[in-house]
Amino acid sequence: MSTLKPTTSNGTAQNRDWRDRLYTIIFEADTDAGRRFDKMLLVLIVLSVATVIIDSVGAIRSNDYFVLNALEWLFTVLFTIEYVVRLLCVKHPLRYALSWFGIVDLISILPTYLAIIFPEFYYLIDVRLLRMLRVFRILKLPRYFDESQILWQALRNSRVKIMVFLGVVLIMSVILGTIMYVVEGPENGFTSIPVGMYWSIVTLTTTGYGDIHPKTPLGQLITSCAMLLGYGIIALPTGIVGVELAMTMMKRVPTTRTCSSCITEGHESDSTFCKHCGEKLDPYQFEK
Amino acid sequence: MSTLKPTTSNGTAQNRDWRDRLYTIIFEADTDAGRRFDKMLLVLIVLSVATVIIDSVGAIRSNDYFVLNALEWLFTVLFTIEYVVRLLCVKHPLRYALSWFGIVDLISILPTYLAIIFPEFYYLIDVRLLRMLRVFRILKLPRYFDESQILWQALRNSRVKIMVFLGVVLIMSVILGTIMYVVEGPENGFTSIPVGMYWSIVTLTTTGYGDIHPKTPLGQLITSCAMLLGYGIIALPTGIVGVELAMTMMKRVPTTRTCSSCITEGHESDSTFCKHCGEKLDPYQFEK
Amino acid sequence: MSTLKPTTSNGTAQNRDWRDRLYTIIFEADTDAGRRFDKMLLVLIVLSVATVIIDSVGAIRSNDYFVLNALEWLFTVLFTIEYVVRLLCVKHPLRYALSWFGIVDLISILPTYLAIIFPEFYYLIDVRLLRMLRVFRILKLPRYFDESQILWQALRNSRVKIMVFLGVVLIMSVILGTIMYVVEGPENGFTSIPVGMYWSIVTLTTTGYGDIHPKTPLGQLITSCAMLLGYGIIALPTGIVGVELAMTMMKRVPTTRTCSSCITEGHESDSTFCKHCGEKLDPYQFEK
Amino acid sequence: MSTLKPTTSNGTAQNRDWRDRLYTIIFEADTDAGRRFDKMLLVLIVLSVATVIIDSVGAIRSNDYFVLNALEWLFTVLFTIEYVVRLLCVKHPLRYALSWFGIVDLISILPTYLAIIFPEFYYLIDVRLLRMLRVFRILKLPRYFDESQILWQALRNSRVKIMVFLGVVLIMSVILGTIMYVVEGPENGFTSIPVGMYWSIVTLTTTGYGDIHPKTPLGQLITSCAMLLGYGIIALPTGIVGVELAMTMMKRVPTTRTCSSCITEGHESDSTFCKHCGEKLDPYQFEK
């Protein structure tokens, strides 16, 4: 992201200053103006997403057609202005336009305009719902929450373990789905192996819709075993993420104790000497 | 709460004494009389809530109409007396009357009286059910349980993380609800995006009522992925609260007890001598 | 249990010897014979419980009536012999007969005999099912598993916290059940507050049968919030027991380090001096 | 597995060399060729399992009969070649043929051949589905993932505890199933004790299909208690595995690294100097 920032070597000093300030407000969140812009944008996104959600309710759409339409145009114009300003103030507009959020920004304003040019498009509800992609922009905002970083890092660290776990669950669902397809058969709702796999994932995750369920005694016995198995297995991801979380949160405690000689960080509170250079450490004072 | 306590500067000595003693019994739980009052109140609240619950069962109401009515009046009178005494013994009656529990106390006795003045009110079941608010008064009582403090603090400490987590779940449910609204459509029960969101929360929390469930193969595939995702995500709040709980419970083990001779920290509360240098430790005083 | 053991002061030497040996076999599990008896008993209990279970399946009962009846009598005779021997070899037969397992033993053999004396009893299925109580006898046996002790202790230690937690869940279900009774009403299945409470427990535990489910938009909104709440709350018991388990399992590690001077156990691996008497400890060697 | 490796004492030097190389590629994963072979095999297994899954969907089978049949033969021939080569390059072909994976390999290719010899076999869908056993071969491959070892070990270590836990759940389901069979009876779907046990496992694991659910008030009360119980108990396996996982992951942090000067234990792997006395530590060698 930092490569998008306009450098001093580009444009006149005044121009640079103007673009630089806009960039700081729109793309960064370190200044008061930037934080205010982010908050306003968050409110706008939530309101515009709410409009699309409300619009999908048939009864409301027919009653408040004009209000919803006006709101939709308001949001579209505001997001269009934002999109244009973003393009103007980055150094490489094309690079932004082709980035993930650049494309999301474009796709979320396009359907409303297309509706004028091609009126028949307006009735294609699927296209208009692309505006819901705006909700992803909220993900750019939680840079305020230090906490979301911890959660994210715990999930990232347990990435491989969760993949292995999901792989095992997938293999189990293939085997279980096949067994139930054979045991229960199409007459009891298990019309094919994919349906059996769908059922076994519904069962192993303890969701249990009940749209498909075993009817033969043998099928019920197998299901009971599968559920107990799933019950024992539900512990794994919880354990994985829990331990990672604990480690991530623990690690934050001693990261600030720094050796004054070699600047190595993260000494434990009971250390007397730097573990890196052997220099004596300042006595530890627990801050807070 | 302690600001409500009548101070010595108010009223005559005798009056002060009488109000002071009532205050100690009703608002505090440090004396035997106070504890007995709290236990009696707890029993009364549970009985009166049980009466309202039983009253809602049609068959019982028509059979035991007079018994239930009499009990209701008994509880109302008892709680009225309690309310009046509370108003009398606090220094600032208005401040209590406008506090959260003051309002709950008033609202939970009012409906029965209103039923005499406005008989037609008696048939407004919704109003009479306000008596159920009394159940909140139980929350005032668990000051005996030291344990509930630990649970509460663990929840409070993980407040922000759980908010971030719920926010992510909400965004996921918006996206998932929209996708299923498009994929399955109104003919399969997904009549609008809010319904889709309701379904996705039912699914991601692994509740799975089965009132709405995917019927198309593509919908079932998306549901399977969503459930596995939810399965991996269910680990997060468990991990968050678990780690906070561990930290809260660990902290009770005093890490600040320090040997005055060799400055080693973290001695256990039952230690008499420093585990590091063998020097006698100061006798342990549990702070708090 | 040890008070039941016959002491030397009772009976002749020979008689004492005979009863003592039987007692060791039947009530204790330290000898080979005792362990063999326990294993045999476990197999018998499982088989007899399986017989009752199979007997409840209508189709099998009518086909294999005589086989099941014969098995039932075999188990009843065997358990009667065991009951009589138990009465004979304990010092205080009455005390055993009135203990929890003494009553279970009696109740589980009685129904079959009653069926001869009062033939009409035989058709009272409820009475015959009391034989299922034998399954509780398995709980006497897992003394072999050291592990079950850890699980049991972790559950016991978190006893109060889990009670507080269940209390909070109960209060939540009262409030939620009342709200849904008002919002959805009898026409949507919420016929009374107890039914609403049943529904809210089904929902908060994420079981979700789907026999009762919200049908109005407002009810679905409240349900969504309740489920997210339940999702955040499911973490609590997991965290509680997890932390207790961790502590129970951790505590087992350093319990064997003993001060040679004052015989205090449980010194940490980094201790140099006894925390109780200040004597120097032997240097720590991690066994295993 | 290493006992299958051909030793130098067997066959001529050339022959030995040829078999040795094939063995290294097919059975081991330490060379580039071996890893490439494993990846190719993984892709083949996934594709062949996908073919069987797709084949089970009625609509697709009738449309793309010839494509699916051709693919099935292609995979069968490829797996046959692999099976023959495996037999050729191990020292004791019979020992491989009778091993678990040897039998899986044979059974997963046999059905297709049997279909030519006994055409009537072709229509026995159950037999052809034995090809799904190939999916177990994926379990041979995750030797790359170091992580799966940690998960596996955590599950293995908590083996006994999870068995004890499942035993307790089973006893609970016997008791609960019997109670509900008595309380609800066949007219509410609880037709026998096994059905009651199936229902109680569906309930205690919070799956809740809703195919069988309590209809009487007493049954709903018992169910509510059972669910709250299950809710408190779901914590146990999570806690067990979580603690084991934490211990397994912690152990990798070397607690045995000891300063040769002051005998302080537990230095981190990146420490160069003792954190206690400042003495230089021996360079760290990761054991294992």
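For this structure, a couple of remarks:
A, B, C and D label the chains in the order they appear, each numbered from 1.
As a working rule, a contact is a pair of C-beta atoms (placed from the backbone, for glycine too) under 8 Å apart; a residue touches a chain by one contact, two chains touch by 3 or more.
For each chain, UniProt lists the protein as follows: A, B, C, D = Ion transport protein.
In this text, all values refer to a predicted model and were calculated from it rather than measured experimentally.
The pairing of chain A with chain B is characterised as different-residue: of all residue numbers used at this interface, under half are used by both copies. Between A-C and A-D, more C-beta contact pairs are found at A-D.
Matching residue numbers shows that C-D is the pair in C-D, B-D or A-C whose interface repeats B-C, with more than half of the contact pairs in common.
Of all the chains, the one whose CA centre sits at the greatest distance from that of chain B is D. Between the Cα centres of chain A and chain D there is a gap of 30 Å. Annotation: 43 Å between the Cα-based centres of chain A and chain C.
In chain D, the residues that reach two or more other chains under the touch definition are 165, 194, 197, 206-210, 234, 238-240, 242-243, 246. Those residues of chain A that touch chain D in the complex are listed here as 160-161, 164-165, 167, 171, 174-175, 178, 181-182, 186, 191-194, 197, 203, 206-210, 213, 217, 220-221, 223-224, 227-228, 230-232, 234-236, 238-240, 242-243, 246-247, 267-268, 270-280. Interface residues of chain A facing chain C in the complex, by the touch rule stated above, are 206-210, 238, 242. Chain contact summary for the complex, chain A toward chain B: residues 49, 52-53, 56-58, 125-126, 129, 132, 135-136, 138-139, 142, 145, 147-148, 150-151, 154-155, 162, 165-166, 169, 194-195, 197-198, 201-202, 205-211, 234, 237-246, 249, 269-270, 283.
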